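Here chain A shows up in two complexes: once beside chain B, once beside chain C.
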Partner chain A sequence: MGWFLLQRAVQALVVLFVVSTLTFLMVSLAPGGPEIMMTMETTPEQQEALRRQLGLDRPLLVRFVKWTASALRADFGRSFSHRRRVNELIAERLPNTLLLGGTALALSILIGIPAGIISATRRYSVVDHAVTLLSFIGVAIPAFWFAILLILLFTVRLGWLPASGLATPGAPFSLADRLAHLLLPSLVLATAIMPNLVRFMRSALIEEIGQDYVRTARAKGLPGRRVLSRHAIRNALIPVVTVLGVLVPRLVGGAVITETIFGWPGMGQLAVAATIGRDFPVVMGLTVVVAIVVIVSNLAVDLVYGWLDPRITYG
Partner chain B sequence: MRVRLAMIVILSLALAAGFLAPVAGGPAPTGGIAFPIVGDPTFNPWHPRHFAESLFITRVLFNGLTKWGKDSRWVGDLAERWDISADGLTWTFYLRKGVKWHDGRDFTAEDVKFTYDIVIDPRLGATGRAAFSSIKEVRVVDPNTVQLLLSAPQASLVAVVGVNAGIIPKHAFAGVTDPWTHDAFNKRNPIGTGAYKMKEYVPGSHVTLERNPAYFGGAPSIDTVTFKVLPDVNAQMAQLLAGDLTIVFIDNPALVRAVRGRTDIEVSTLPQNNFYYMAPNHRKPLFQDRRVRQAFMHAWNRPAMISGFLEGFATPASGPITPVLKNYFNPNVKTYEYDRDRARQLLAEAGWRPGPDGVLTKGGERFRFTLLYPTVQYFEPLAALVQQYLRAIGVEVVLEGREFNVFIQGMLARRYDALLGWWIMPEDPDFFNYAHSSAAERGFNLPMYGNREADALLEAGRKATTVAERERIYNRFQELAAEDLPYLYLWWPNEIRAWNRRLTGVPGIHLRAAFQWLNEWRVR
Partner chain C sequence: MADPDKVPSVARAAPAPLPVAVTSAHRTLWGVAVRRLRRNPPALLGLAYLVVIHLIAVFGPWLMPWDPFAADPLIRLAGSSTGHLLGTDEIGRDVLARLVLGARVSLAVGLVAMVISVSVGVVAGAVSGYFGRKIDTVLMRFTDAMLALPTLFVILAALAVFGGGPTTATVVIGLTAWMPVARVVRGEYLRWRVTEFVEAARAIGGSDPRIMVRHILPQVIPSVIVAATLNVAFAILTESAISYLGLGIRPPLPSWGNMLQNAQIYIWSAPNLALYPGALILMTVLAYNFFGDGLRDALDPRLKL
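And now, the complex of A and B:
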């Protein structure tokens, strides 16, 4: 097992290096230059002054080496627009994204997995058809449209839920307030993830139920429920875990659209603003963080496989 | 399984109860108003990253020497009055007494000197400093009197020191070598003289300012102003309708439909000192014949475009100086009706004949050019229409729509045959920076126009000492600008804003200036 983990660690470093080099090149060489000049009333003098201040007039290689050297010390420098340490910014935004993503994930799992199970066990029934239809609709709905629709319904029409932010500005802390602000964005995000879980759970479980060992267990006299929960579902979870492993980084990388529309101060919003605003250090820092999340979640998925399926061993 | 199911249902109901307790999410804490901004702001009006989202906040936090008054003229802000020396090179500003910074310290002329020294320092690259290029030196005469010494007369200085020119406190920057990295001020706790002071900033979420009861212009009545970070314009409109936002700036006229007819929302529109244009590069031989430029002005149907994607919220422009500048505006200049035949005739006079495919040719050269424009606002449909209109008279346009930052780079490097853009200018007829030949390479003279008479007029306009003299000069300039077409004028857009009817007292001036009178706004 130790050998396995060491291999993965080395692979991780290689991936991180390739990803950061490519990102650095792309951001530096993108048309429009590495500095931002977002106003018509700008002059070449200002551009030059800005380049000098931000150290962007130094050669590409020098800048890259500098960045890599500090990145190895986990220091991603200082944001150009926010003027704070990138680590601080990410540390501030990450919990918000995790909260949003985590809630969406929890909702998806709590509703999606049972829905997939029911769908599989009552195949071709009305419930199954309904679940399938809803899944397709969920996948087809664009997030930005659904988000605005929810806002129009719940904020404008009904006045039940707020439309943006983490909490009501200036109000003292209240759990109800926080949850109210969390509900709509996590619903939108969940709509993007849930259908995948439902479909994968359904098809994986259908396949398991058709296996010989399930027939044997039933023939042996085990109650249908126990056959399902103790045996079939556990095996059917393997493909589902794979899907989760792919979806989780997507959540962290930024539910960009959802965060933008709901004014949710998370990593996605930070990423968009940093990209448009040519906020170099933030873009690089975020890229590395997301790359790490992808690597870790892939590793976690592999380890969970081992737990779910005793035939799989590492090292 | 059944027990687990029951537990899940009970838990969900409990959570739901927490959610459904009606959360008003109303405008900020009681007695406050809310306004949307599209990104995180910077609280220093001179910072190189001080863009559109920051200016509403800095106009409230800080004061300049002058500001645009409710009755459409320049009035004193931190300066009570000013006078100009006979040679026009020394402006003396007599500052208000007893003004205090938000931290209680006294405002003095030293603060003005400190601010303008930063502005004129070329190494620092303060934002907007191009407007102050004629300021040579700042001199403190006494704690309440400061002088700006110019290298050349500039009658428009009174306007220029009133637009996004907030004075920042010297004492807050004591010991700071680089003002742009002084984050304690720029990104966290700005200290100004304005009607509101910093209360709370949650990055990525909102900025809340609270009233400054000691404000020299009169204590504000509204308790707090919250600027919510909302990058999405549809979300902004939805929140306005829900009452979570009190006032919004409507950039895209198509959105007016969303609020029209609502009894609780007031939509108002007014003209602004802003014109949209196509700037042909006068250094390219293609555009050097005046008849060609005039032909273009006849080739497009501006009223149709205005009703098409501006919902009528604009007026076809006859020149760069808008009717907002009441006494300076000259309505008696050459205008151009939509007339394709006239356009073709002018081009023929200039020697262009239609080739076999309809595209004009002259001496073997096709009339073909690239049009650079930013992919923001409504420039995409505008550029496409311009392309169509010009194709109809035999001119081939290659469209080059670029992301805003890339567009700016192209603009700075003068890498275009023609470009589409807009100028929002302070309310003064001084068009020097935008059309004088000295501003062609590195200034705002994007068409790279160089006309001797125009140059002379623009210089004279800056030197003139009386309103009557300036009127005469700029009237002639507008005649020339309409005949010779440094820019090809599209329209003067109206500003559209919408607010909740609970809000009153907003002066009838453009919104950025109205924010400088925030102490007079009221909420019912």
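And now, the complex of A and C:
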């Protein structure tokens, strides 16, 4: 177990290093840095001065070593456009993204898993067909359009829920207000992964129901409900957990869209702004943080997997 | 059986029955597939819709009596009328004409990105599966790493570096979607390279590239077609997302994604503007997924006929 953890940790560090090196090279070798954003109103001399001020006139290797050295101390430098430290920007937004992502994940599990179970136990029924159709639609619907539809319904027509922000500006803190702001974005983000979860749960459970041990359990007289809850569902959940690990990156990607639409001040929104503004230190910092989130969640899934399934040994 | 030393060890260890395409006149793989597809209403519906929408994308822009670029500020955000069947957008351009031209743009991006992702995926998967060993390990670890990264995030970072625009967007979408294809193709090459006909081809002196292309590739085509169908859906969806963010197809050229860019601003005054492009994206992606799923079932030789 300890050895396995160590091995995975080393692997994770290698992946992290490769990802950040590749991003750095890509960002640095690209034609046109942040100075091209201001070509309209600046002279070439001013652009040169800006490059010098941002340290972009130094050789690539020097910049890379410098960036790596500070990144190792968890310092991603200063943003080109915000006049603030990248760390501050990310630290400010990371909790918001985690809140949104966590809620979306919880929603997907709480709705997706039962839906998959119902679908599997009533195979080819009306409910099953409805769930399957809905999950197809969930995969095919553009997240931003789904968001617009929800805003159209719940904000424009019904006026029940707010369409943007973390909370009502200027209002004192209230849990109800925060939850109301959280509901639509997390629902939209949840659709990024829920359909996969439903379909995977369905097929995993159908497979388990066909197994011999389920027939044995029924034959010895266990009521069907108990056979499902104590035996089949438990085993079907094991592969579903691995899929969750694969789906976490998709949540992070979905956050980009969701946060932009709902004006949610998280990392996705920051990523879009940094992309448009060619704010390279921010792009780099976000890449590393996102890579860490993904790697840690994959590691967590590996560990949970072993705990769920005693047959797995960490060799 | 030939000289047992020449047979790769996998062949001896796993003599699993291989699904073989039956090649009698009545039961070719494709004949069976067509018959199975006919019994799959969602897949047929998807196919019918796809035929129509692609015809519209190809011929529609020439047949449209309205100019998708002509703005008329006097009739901005107009509703449906005989002059403009689906109304006008925020600067008074005809929405229907823009939707039709947008179909051409969005579908073209989807198809070209698919060709890129499938090409890269087939080459990577074939090399990985056929040669195995170190090449396989390196390529597959790289594939895993790419799969673990949030696609949209990678696309954003790449667009930040290389700038937006139709060509870059299409290439970047293609280069972030090849991984599942590579995995499927690798699995197929692993399976086919130990079969007797491949061994025979090698025995009469067929070179590796020749065996990979002339002998194994045709066996892999069904899986590749399924993956390709699903990849078009993915590419269209991704294009719409990045164009919505303003980083893909840039106005005045319409795409279904960038037509939604301003929809949120006018959601109170002209909610219809938000509905049409999104509905088209949804239906097109849904159709590709239904058709792709139906194809997968129809081409799966393990299913009973």
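In the analysis below, the second predicted complex is superposed on the first by the 304 of 315 C-alpha atoms of A that agree within 3 Å, B and C clash if a C-alpha of one lies under 4 Å from a C-alpha of the other, contacts with A are read in each partner's own complex, and residues count from 1 in each chain.
The working rule: a contact is a pair of C-beta atoms (placed from the backbone, for glycine too) under 8 Å apart; a residue touches a chain by one contact, two chains touch by 3 or more.
Here the structure is a predicted model, which means the values were calculated and not measured.
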| item | value |
| --- | --- |
| Combined model on chain A: chain C and chain B, fit or clash | clash |
| Which of chain B and chain C A:Ile148 touches, first, second, both or neither | both |
| Which superposed partner A:Ala140 touches (first chain B, second chain C, both, neither) | second |
| First, second, both or neither for A:Gly263, with chain B first and chain C second | first |
| Chain B versus chain C, judged by how many residues of chain A each one touches | B |
| Partner chain(s) touched by A:Ala236 [first = chain B, second = chain C, both, neither] | neither |
| First, second, both or neither for A:Gln46, with chain B first and chain C second | first |
| Which superposed partner A:Ala273 touches (first chain B, second chain C, both, neither) | first |
| First, second, both or neither for A:Ile118, with chain B first and chain C second | neither |
| First (chain B), second (chain C), both or neither touched by A:Val156 | both |
| Contacts of A:Ala176 with chain B and chain C, given as first, second, both or neither | first |
| Touching both chain C and chain B, counted on chain A across the two superposed complexes | 32, 144, 148, 151-152, 156, 260-261, 272, 276, 278 |
| Touch list for chain A against partner chain B, complex | 31-33, 36-50, 52-53, 80-84, 89, 92-93, 96, 110, 144, 147-148, 151-152, 155-156, 159-166, 168-171, 175-177, 179-181, 183, 225, 229, 260-266, 269-270, 272-273, 276-278 |
| Chain B residues touching chain A - in the complex, by the definition given at the top | 1, 8, 15, 18-25, 28-29, 32, 34, 39-40, 42, 48-49, 51-52, 122-125, 127-131, 178, 180-181, 183, 186-187, 199-200, 202-206, 208, 224, 226, 228-232, 234-235, 238-239, 241-242, 244, 402-406, 408-409, 411-412, 421-423, 442-444 |
| Contact set on chain C toward chain A in their complex | 145, 147-153, 156-163, 233, 237, 240-241, 244-247, 257, 260, 263-264, 267-268, 271, 274, 277-278, 281-282, 285-286, 289-290 |
| Of chain A, residues touching chain C in the complex | 15, 18-19, 23, 26-27, 30, 32, 136-137, 139-145, 148-149, 151-152, 156, 246, 249-250, 252-254, 256-257, 260-261, 271-272, 274-276, 278, 280, 283, 286-287, 290-291, 294-295, 298 |
